[in-house]
Amino acid sequence: MNSLGVFTSGGDSPGMNAAIRAVVRSGLRNNMKIFGIRHGYEGMIDGDIFEMNGCDVANIISRGGTILRTARSKRFMTKQGREKAYENLNKYGIEGIIGIGGDGTFHGLKDMINETSFKTIGLPGTIDNDLFGTEATIGYDTACNTAMEAIDKIKDTASSHERIFLVEVMGRHAGFIGLETGIATGAEDVLIPETPTDFKALVKVLEKRIREGKKSAIVVVAEGDEMGGAFDAEREIKKLSNLKTRVTILGHIQRGGSPTMRDRVLATRLGYHAVEALLEGKSGVMVGICKGSVVFIPIEDTFNKKKIVEQDEIKMMPFLL
Amino acid sequence: MNSLGVFTSGGDSPGMNAAIRAVVRSGLRNNMKIFGIRHGYEGMIDGDIFEMNGCDVANIISRGGTILRTARSKRFMTKQGREKAYENLNKYGIEGIIGIGGDGTFHGLKDMINETSFKTIGLPGTIDNDLFGTEATIGYDTACNTAMEAIDKIKDTASSHERIFLVEVMGRHAGFIGLETGIATGAEDVLIPETPTDFKALVKVLEKRIREGKKSAIVVVAEGDEMGGAFDAEREIKKLSNLKTRVTILGHIQRGGSPTMRDRVLATRLGYHAVEALLEGKSGVMVGICKGSVVFIPIEDTFNKKKIVEQDEIKMMPFLL
Amino acid sequence: MNSLGVFTSGGDSPGMNAAIRAVVRSGLRNNMKIFGIRHGYEGMIDGDIFEMNGCDVANIISRGGTILRTARSKRFMTKQGREKAYENLNKYGIEGIIGIGGDGTFHGLKDMINETSFKTIGLPGTIDNDLFGTEATIGYDTACNTAMEAIDKIKDTASSHERIFLVEVMGRHAGFIGLETGIATGAEDVLIPETPTDFKALVKVLEKRIREGKKSAIVVVAEGDEMGGAFDAEREIKKLSNLKTRVTILGHIQRGGSPTMRDRVLATRLGYHAVEALLEGKSGVMVGICKGSVVFIPIEDTFNKKKIVEQDEIKMMPFLL
Amino acid sequence: MNSLGVFTSGGDSPGMNAAIRAVVRSGLRNNMKIFGIRHGYEGMIDGDIFEMNGCDVANIISRGGTILRTARSKRFMTKQGREKAYENLNKYGIEGIIGIGGDGTFHGLKDMINETSFKTIGLPGTIDNDLFGTEATIGYDTACNTAMEAIDKIKDTASSHERIFLVEVMGRHAGFIGLETGIATGAEDVLIPETPTDFKALVKVLEKRIREGKKSAIVVVAEGDEMGGAFDAEREIKKLSNLKTRVTILGHIQRGGSPTMRDRVLATRLGYHAVEALLEGKSGVMVGICKGSVVFIPIEDTFNKKKIVEQDEIKMMPFLL
């Protein structure tokens, strides 16, 4: 293989730049031509493609976001859009493709695998950590630490004013961020889609706490909890009690920022092995981490199978109460 | 003077603990008895008062929130409530009072000055920086840095996705936080109550930017802008254009967190001088900082007169555009 | 089992407080009496022991250091010292012991196992990550992130002045911190005890870099590299070249600070399972994490067997060059 | 005036990039040609000069270091070197010069003023805060916060191990960083060049503390204290007592990192006014901040007159003891 294209797609996540850097550096080291594709599948369709050298990735390992930009692409979901994209890749002589993103990105890669002979590799880049086949996704650790630090700050106010705060964290389909930041901040409860929310029990716990003298509390709510987000949770609590609550939505701050050590190292390892995999002729797989080792997972498994939150940590939830 | 009471009231702000520490340490050094009053005026009415020693303030200089807790008190607005409070202060033999807070706190102090012979001193503790007579309030610098760091993170996503973000910062009546964090993050515009918001001009600027190739933008909106908060701004922009915007409300993270160097030093200086002022027989004043020096301002001036944002920095706003 | 004692020993590490909290909370939940032992084995010998309740551990999950204090104890290495300690434990009716620390702490636990019938459990608390039988030790993730952020700052100066910085990180016997922070900061090279240091090759790489135009560089040096620390490395480089280098020793900042999400969650899990293990009658083991699952390792294995750095990451080192 | 050149010189400081950005943006806004000069006076002599546009300064407001690089120049101290530099400036048609740096930078500007007709303006860019005529220098606030956060971390270990730490901060000729970080971290003492160090008194205080039960302590030492740095202080303490101390040198981490809100706003204001000043025909002055307002100080005053530390804060020092 003499040339590869790399792109980021879907929601941005911290560490995407570190992954791009590792891909570019590993590729150049193996005397390949490296092409950056801007704005994910959109740039593939529009031909927004450029050759990258070592300078393009200098000092980006510590930066949030993605220098290749990102987007969601409806056009790539059409046959016509994809054909335009394949044409562009051929025009540049690109043989291998490395796509960094989540669920949506990998669906696109699957189409490519089915329809073309490009060698394609996926790298898990999403803060949500909800891809089957890898213990950790690039950006997850940073997002959790950002959310945790924000909740630490909110705890100052919660305890100064003796208030109950419902803090909504990201996680549309999964409770990874919610569960681990809840444990890490000593939250009174964590509402995540993986476990049924029992508001009666929650209200009882909070009321008991107040009677015992601890008048402030943090309840972490995953945006995708089956009962809804933090405002919905507040409504339910108000139906059942006179508890005074405040809602804070952490929002987009969870996506950005300089990646943590772990996300930078993970991105570097996965980027390195993505290039190695292409050179060995692998295709149609995501490079992931499983039990500390690099593994290769069929791309369709990453979205067809379901990754579950750490069951052992679920036990820490009642422990918190 | 042999004894003093200290309390925090209103919204908590980072550095309140550093101020409490300085008051306690300075008081003890001058052989005074120091009483902590919990929950602001509420604790004064309820007699939630305890004697403090050096250990009570050990290692709190770096902590957000307030160890004395805080509250807003409706009861202190009644004659009856205040009389109960005065009774309690007398019961403990408290002669001097140091109240740390904002506008509302100082209105309470003014009542006390009018109705009693307690010597009373106010310390400016609010993230909003909107008290006349002091260049800086305790907590303002930390809140600005927290907001700035959050916006830095949002910029990663804004530029990765090429989106326009409307970021709402605190400031119900004043644009201090908005103006300075807007300058510090290189925002495209800042909407603050002190300046009229011209949405037509804003839309024009944003559209021009996009034509020129810069497709991401940050607009900082003070929650108290005369046109409303960030969601209101978004509505206006949508009326005038097809620009795609996202709203993020930074919310309560701006109140908490470990105080910055400047807030700790400011709180220490003001706390120290509050005790000195009581010992010199001063009363009815707020201790503030003006042009780098400690000053004493009649407490009623702090809320009757209006502090304005730095006019020189207003010039930096068009500069940003 | 009705009562347990918990202590921290050896060098402090971020997350020790989270572990103490989890032990105390889990124990109380199981209706046990929990005793805190101050200053590690020293306090055991001196009878510096107190009963703990839920309030003692409120809000400590986010704090660095250890509320139980820590120390190294020569007296516990003597038969006489240990007997005094056992006597004290018996006096308080303590049946189970949970010791949080590293190598030295576990040697002490081993003596206790050999000489008494106390049930003893070890928790890995050290920033160095060099205990066999656990993928991660409590404090390692935080220390790495602290070191990484410090090196990020030094890179600003390195690239502004176009200088070569030799940055010494902790790790007396192991290169875990050095290797992962080196990868995470995009260092030009990493000198760790696990790999032989070839200064000629290093000088050649640095000189090549300069010729190619990149005039700044970071070389991360583990304090325990077989060639010595950063000052020793500088001396060797000067012998072989005219390269101008600067040395920075990161030092004790790596031990402190609020723990990361990962260290808090790890400490909570291990603390929870330590209590469960005691209740199940386990003894003589360290609770660790292996491939994501909680495991129990004979305490003597933790120091008799050698944990090695991730071999896959070693490959990232030449990649960096 | 139609064109200006901008450069950074001497030690780098956080906020230099924000100042460069403000100069470039303000200049372009006034339809000037802006030239960046790399490596300070070195680049002026070598002709390392390039025209800058808006893109060159995009997103640099949040970055530490300086995109123009910096250096100290011996050649500019020679007549011959300076003539070469002037020639280059003329070659590019540069009429105005804005130099960002400290003492050494301003001596160079003074030569330029004496020998040429270039309009020259200085901006105070140094972490040391030791330039006469301005309350604050660009980078000082960030350096103090970095040092403070590092000392906060060291306090975790100091109090866990009950040790005395001597922490050396930057400040070769002045105690600004030492004094304010000492106050902000609740240090037991601060050793700065502006006040005589009485080791006997210091030892007495530390010994008294230990007798009273507080066994940990932080002593902040400015590297330029008249008695020497932290290692020298340790030696003196050991001569007079059996106190066990540890030394940590914070070093270069104090120079780098993303600038604080205050440094970014200060740099933006000063950069803006530097361009305005040139347009008004001013020359031979430093733009500074005095009592909150922008002021213009004859360049020779900045190094011939001595700026002193805040005397009011000196009073906080014994208060700390």
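By letter and in written order, the chains are A, B, C and D; residue numbering begins at 1 in each of them.
In this section, contacts are C-beta pairs under 8 Å (C-beta built on N, C-alpha and C of every residue); 3 or more make two chains touch, one makes a residue touch a chain.
For clarity, every value in this text was computed on a predicted model and none was experimentally measured.
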**Message:** I'd like the Å distance between the centres of subunit B and subunit D, where a centre is the mean of that chain's Cα atoms.
**Reply:** 28
**Request:** Can you check how far apart subunit A and subunit B are, centre to centre, with Cα atoms defining each centre and the answer in Å?
**Result:** 35
**Request:** Determine the centre-to-centre distance between subunit A and subunit D, using the mean Cα coordinates as centres, and give it in whole Å.
**Result:** 40
**Prompt:** What parts of subunit C, by residue number, touch at least two of the other chains?
**Reply:** 152, 155, 159
**Asked** Taking touching chains as linked, do they make an open path (line), a single closed cycle (ring), a hub with spokes (star), an all-linked set (complete), or other?
**Response** ring
**Item:** Pairwise chain contacts, counting only pairs that touch as defined
**Value:** A-B, A-C, B-D, C-D
**Residue numbers on subunit C that touch subunit A, as the complex places them** = 21-22, 25-26, 29, 58-59, 61-62, 135, 141, 144-145, 148, 152, 155, 159, 180-181, 183-186, 214, 258, 260-262, 264-265, 268-269, 272, 291-294, 310, 312-313, 315-316, 319
**subunit C residues within the subunit D interface of the complex** = 8, 12, 14, 16, 39, 63-66, 69-71, 146, 150, 152-157, 159-162, 165, 246, 248-253, 255-257
